[in-house]
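Multiple structures are listed underneath, in structure tokens.
Both of the next two complexes hold subunit A, though its partner changes from subunit B to subunit C.
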Partner chain A sequence: MSSEETNIGYSKKELPGSLGKIGFAILGIGLVVVIVSFFVDHTRAAFNNLIMLMFLTSVGVGGLFLIALEYIAGAVWSTPFRRVIEIITGIVILLPVIAVPVYLNLHDLFHWTHEEVVQGDYSLESKSGYLNVSFFTIRVVVFFALWILFYLLLRKNSLSQDVTGDQLLTKKNIRLSAVFMPVFAVTITFSSIDWIMSLEPHWFSTIFGVYYFSGTVLAALAAGTLAIIMLNEKGYLTKGLVKDHYYSLGALLFAFTNFWAYIAFSQFLLIWYANLPEETFWFLQKWEGSWMIISVGLIFVHFIVPYFGLLSQPSKMDPKRLKLMSIWILFAHWYDLYWLVMPTFSKEEAVFGWMEVAFPILTVGIVILAFVIISRKKNLIPVGDPKLKRGLDFRL
Partner chain B sequence: MNDKILYGYTGVFDSPDEIIRAADKTAEEGYKKFDVNTPYPVHGMDKAMKLPPSKLGYAALVFGLSGTVSALLLMFWISVIEYPIVIGGKPFFAFPAFVPVIFEVTVLAASIATVVTMIAVFFKFPNLSHPLHDTEYMKKVSSDKYGLCIQAEDENFNENNVKGFLAGLGAKDISPVYYDSEEISVKHVLLEPKFIGILIVAAVVTSGTVYFGLNKLMFMVPFNWMVDQEKTVPQEASTFFADGFAMRPPVNGTVMRGTLPYQFKGNPEDAGKFLKNPLPQTEENFTLGKMKYDIYCSPCHGYFGEGDSRLRGQFPNPPSLHSEKLRNWSDGSIYHVITDGQNIMPSYETQLTRQERWATVLYIRALQRSLNAKESDLE
Partner chain C sequence: MSTIDFTRELAVVEGRPPLREIDDIISKPLETRPDKKYYIALSITLTMLGIGAIALLLSFYYGTGLWGNNNPVGWGLPIVNFVFWVGIGHAGTLISAILFLLRQRWRNGIARFAEGMTIFAVMTAGIFPLIHVGRPWLAGYLLPYPNQHSIWVNFTSPLLWDVFAVSTYFTVSFVFWYVGLIPDFATLRDRTTNKIKKVIYSVTSLGWRHSNRHWQHYEMVYLILAGFATPLVLSVHTIVSFDFAVSIIPGWHTTIFPPYFVAGAVFSGFAMVQNVLIFIRKIFNYEHIITLDTLERMNKIMLLTGSLVGYAYAMEFFIAWYSGVQPEQFAFLNRAFGPYAWAYWIMVSCNVLFPQLFWIKKIRRHIPVMFVIAVLINVGMWFERFVITVTSLSRDYLPSSWAYYKPTLVDGAILLGSFGFFFTFLLLFTKTLPVVSIAEVKAVVEGSQPSHGEH
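Up next, the complex of A and B:
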């Protein structure tokens, strides 16, 4: 294999131990504050934990989507750094753990779980066939299991290809990806309905799954782009990654920023136009008091800034700009989730305090540490992949 | 041959790699006015030719933004100033509803204007020909060869040097290309005063005719005969009848087809005395009565006529239909209440046909008997 490895200019380097330590420290600080927050105000903590859960779902499951997309489309340009996304995707294994505190506080989050509330409420009674704790639990467990299953299968094939270079493994993964795609569509839609839309069980929006999906792909792409550029700059990947690869990542980020805005506006426009009280209250709630500032801010944070940040051609190739925009988009996704989730916790005014800071810190810690642990003893690029050479030769 | 004006020198290569290298070398040599012709886009060519990034994007931006602004102004003018109508209770300046229009116009303006700019600026429209057209060189590079052409306009151009340089690059079929003398002497058709004059006349004539036809002709004799008729049109007072109405009220006592006026209006005593239920007691009639009763009467009187209204006190509860008084009423009296109403109970004359009203009476009788059966029912 060594001749091939020199061929593509990759020599395996372990990530520095200090990165693990940093990740561990951030995770430690975050974890302590988060545990304290559960003692101080467990309802508020649970809401924040829900945001964290959905954020990591976005990054993890969205990553799986990107990998499957590459296999199905037969894309070559992203092959050289597919492994990085595979590693980030590893956090799907942690999702059940992160979901536990949320699940334990189900009654504080979702008022459809209270039988006395549902009784006599025609709308909730009609929905109770779907929105009941046992079916909810089944769905959550099945979805987690499916994500982890597909993660493990895709990863196994990809990793063993490093050693064997067997082309059939690519074929296997293409089949797996084709199966995963509809599974992804259904699971991501229903998880967004279960975890976020059902916070306001009277409300419904048929486009909601797509809305969450657009944020999901953005978050996964941004996390991937950030990791790829940082690793490549430090020389952990190969020399073959050039601005054509960066440009493609930037273009995808830009495209999905627009996609998110398109979907978000579509959702708003129809509800605004139809003006049905059972739909509009959800937006009105987010127009209450200081929530209005958060709502208007969402347009800027999630659309205007990344749009102009990535509009011009050079900015999509500039690693510095791309890193900045990736971090910004990850922040924007968190902001979006905050906007979706928190108005249910605090109806009158937007709340922001140390708890809202602690959970993002914990999230960053989890991602870094997970990345360090999962990437241990692995090639950071898929050295056995038959598409690798073409991927490195990719030029616009 | 001296009367011919030189356009440039061309040479062809066999492979994309060679042409990339050649373009690279040519640019390095300091030539600026040269071009590459290949059968398909060759990757990396922009870089090899050291072309600056295209400025076309700015045209797209400017035209796109002007599309945005004009669409916004258009929507504003239409819905706020020129023709304000309330739609769905929204304000006249309903910004979210404008967004799709603004978006579409932005995209449309940007894309069309970009293509037009490209044709005008880069293809030098209205110039319809190019010296390279119709040459051996063009035939080759549009099938399987890769060509390079250094133009005489270039400041470093020197016929012998260029010939030598191309040969040095390994180019084959090095040959000069001249401007077509005919095409040079012919002025651009599109710029000829005669053509422009015809264009202007045609534009004026067509738009004038259309304006005249739609705005003037339609209102002239005889075309206005269809519109100006001796009749009263909506929103207009009749000049023929003194009261200004175009339609005459019907003669007193006129009855609508298929109906008969109710002759006991405001006269419950006579109704009770003279009216008889014409319907036989068939299952069909009871079913009809039950259906009508459930629809029209049950909201106030309750499904079983016990006065247990479902309106939860939003309307005064009616009395029971099982009272002594009512059981002794004749069918005609009940029929009268349905037809004419009673105090706050409204009339159901318009909702129920005569037959349906009698069927309802039958059903009420059945309800009464269900609670207070007669001795004879046992038989």
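Up next, the complex of A and C:
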């Protein structure tokens, strides 16, 4: 493939060693504080750990969705940087590890794990066939296994194509992706029900899986966009990436920002309008004390700022703006998860302290270090992909 | 495994026809007299329309008691048909606007036709809320204006939001459609030898001369209109779903309704577009313009949206059980095993099971089979609206007020008439306007796009 490589203007360059060191340092600081936080207040730490777990699930599994989407849609514009998303997606391997502390504190997080509470509560009793620790555990294990399996299979085909350039591998991955889509829909829905919705086991909403999905795709897309632009600016990708590619990333971010708002608004409006106490308490809880500020803030953080930040055509192409908005959207997704999860921990007032800072720091460390380790000795663009040339030729 | 070359883009139009040939073939139906088959088809649709018109006149004269609507099922077939037809309209905007924004070039061959279908479907849908109120001559009051009776509309009702959403949607769709037609009108103007046609095309083409400047403005307007049409199309069926979901009737009040209705609308719309296009491409010899690949892609979208609809059905069932709310659980068990179980299982098999056959490539590319599946999809989608509307109303909270709803012959005649209305417009459309965009098809012929390979 050497002639091809010169043709697409890519020469393999290892990431600087300093990046690994930075990632390691951030991870170290985060890890120490996180461990301390578990000793100080293990319940609060477990809630934060749950947010971190869901955030990394979003980035990892959302990335798998983006990869599968490219394959089945036959998209070419995203092919030149699909490898970057593949590397970020490697986080799915770590998810079981991150889930361990959450799982050990299941009793503090989930009301329905207390048998004495469930007994005598009609609503909880009736759903105990689904919400019980053993079935919950089975689901969690199966979902992790499925995500890791699809990640490994998709990655294997993509990597071996770097060497062989075999078109059949693309075909194989298209099939895998098609199978992955329904798997993704089911797993991401029930993960969100298990990990987030069941924090308030009396509450229910049919759209909840879609709501979490919309945030998932946004987070994965933002993480990908940020990494792609930073790598490309430092020359680790190829010169072929131009503003047309950036524009497409920006447009997708913009589209999913709107999609999230649409789903969030639909859920809110329908529950508010019908005004059934079985459903409204969930929103009312998020209206207590200072939670009101967090709830109103969500509209600005998750919708208004990225909406206006990405509305105009030039802003979707501007690497500076895109980097800023990617970081902002990642923050917004964390904010969203905080808004979903923490009211169960602290009902009266919103809480924010050093613990709520420590977990995001650890997350950043994990992502950077995982990226450095997984990308080692790999091409950062899929050099053998038959769609690569077309992808580089892509213009609006 | 088949031999697809991923290094090259699939041609949208087969066989690189010369541009002159595209002009000829697309304007041919407009320049030739309709044949006998056309008149037979037209007389069938006009008969259907006539039956519907008679049924409507009878309804106005004797009152809506001729319909099956009863207490508690006040929303019978009129609302079912309204939701069905609005749904049919959605594929048009999805193809013309959303696929345009997604830069799916294969849409160019089918966008004009689908957009036309949108307009006719929305017109058909519009009939039903008007006749459902029983006194369509009072419909003007739906629009809020300061009048001498001091009567105002209920702004908090989604039924009113429907009025705004559907009328805005119709307007924007129409403008979008017309803007797309302008360059084609100019082409037709330059071709025609008939003086009257020349005048009409000259007026409607707004002085278009295919100049570079015109194209620049055109592309800009087209992009902006596509941007407007996209949220509009989503909002229309979202608001239709609000009609049901803001209430507290079990089976109606569920938060997944908005995206689920939109997916269902696109699903049924695509099935209808596919059905009609299969005939169009055959009769007008457009098989190289609306290729088998295009049909296959449409079938893939049906597979996707059908699966989304299946996801929504499953979620509704699961959450009804999970919620532990008894009326909610009853509503869904009643759907599946109650007196309307027959309708429910028609819906599930047509909407969820049969479209799964599109996983198989052979079926996706087999025209008679895909035609049958798409017909079944539309049957299923009509029954979906029937199941939602009727089952929840016929058995609500109070068992003493339960009643079985049965549509009457007049209801059936009005439904038949709506198909007649829709297809009459469609037939007239095929002989008066180019059903495929001449300009857009030329843009996707191989070799017409600039290549950036060697810069």
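Keep in mind that, in the parts below, the second predicted complex is superposed on the first by the 396 of 396 C-alpha atoms of A that agree within 3 Å, B and C clash if a C-alpha of one lies under 4 Å from a C-alpha of the other, contacts with A are read in each partner's own complex, and residues count from 1 in each chain.
Just so we're on the same page, a residue touches a chain if its C-beta (ideal position, glycine included) is under 8 Å from a C-beta of that chain, and two chains touch if they have at least 3 such contacts.
This is a predicted model, so every value here is computed, not measured.
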Subunit B or subunit C, by number of subunit A residues touched: C
Partner chain(s) touched by A:P386 [first = subunit B, second = subunit C, both, neither]: second
Partner chain in contact with A:R395 - subunit B first, subunit C second, else both or neither: both
First (subunit B), second (subunit C), both or neither touched by A:V61: neither
First (subunit B), second (subunit C), both or neither touched by A:Y273: both
Partner chain(s) touched by A:I196 [first = subunit B, second = subunit C, both, neither]: neither
Which superposed partner A:L168 touches (first subunit B, second subunit C, both, neither): second
Intersection of the subunit A residues that touch subunit B with those that touch subunit C: 269, 273, 275, 395-396
Parts of subunit A lying in touch with subunit C, wherever the complex brings them together: 76, 122-124, 126-127, 130, 167-168, 170-171, 178, 182, 185, 189, 193, 202, 204-210, 258, 262-263, 266-267, 269-271, 273-276, 278, 385-387, 389-390, 393, 395-396
For the subunit A and subunit B complex, residues of the former touching the latter: 265, 268-269, 272-273, 275, 312-314, 395-396
Subunit A-touching residues of subunit C, taken from the complex the two chains share: 1, 4-9, 103, 231, 234, 238, 242, 245-248, 253-259, 307, 311-312, 315-316, 319, 321-325, 359, 451-453
Residues on subunit B engaged by subunit A in the complex (per definition of touch): 43-44, 53, 57, 88-90, 96-97, 99-100
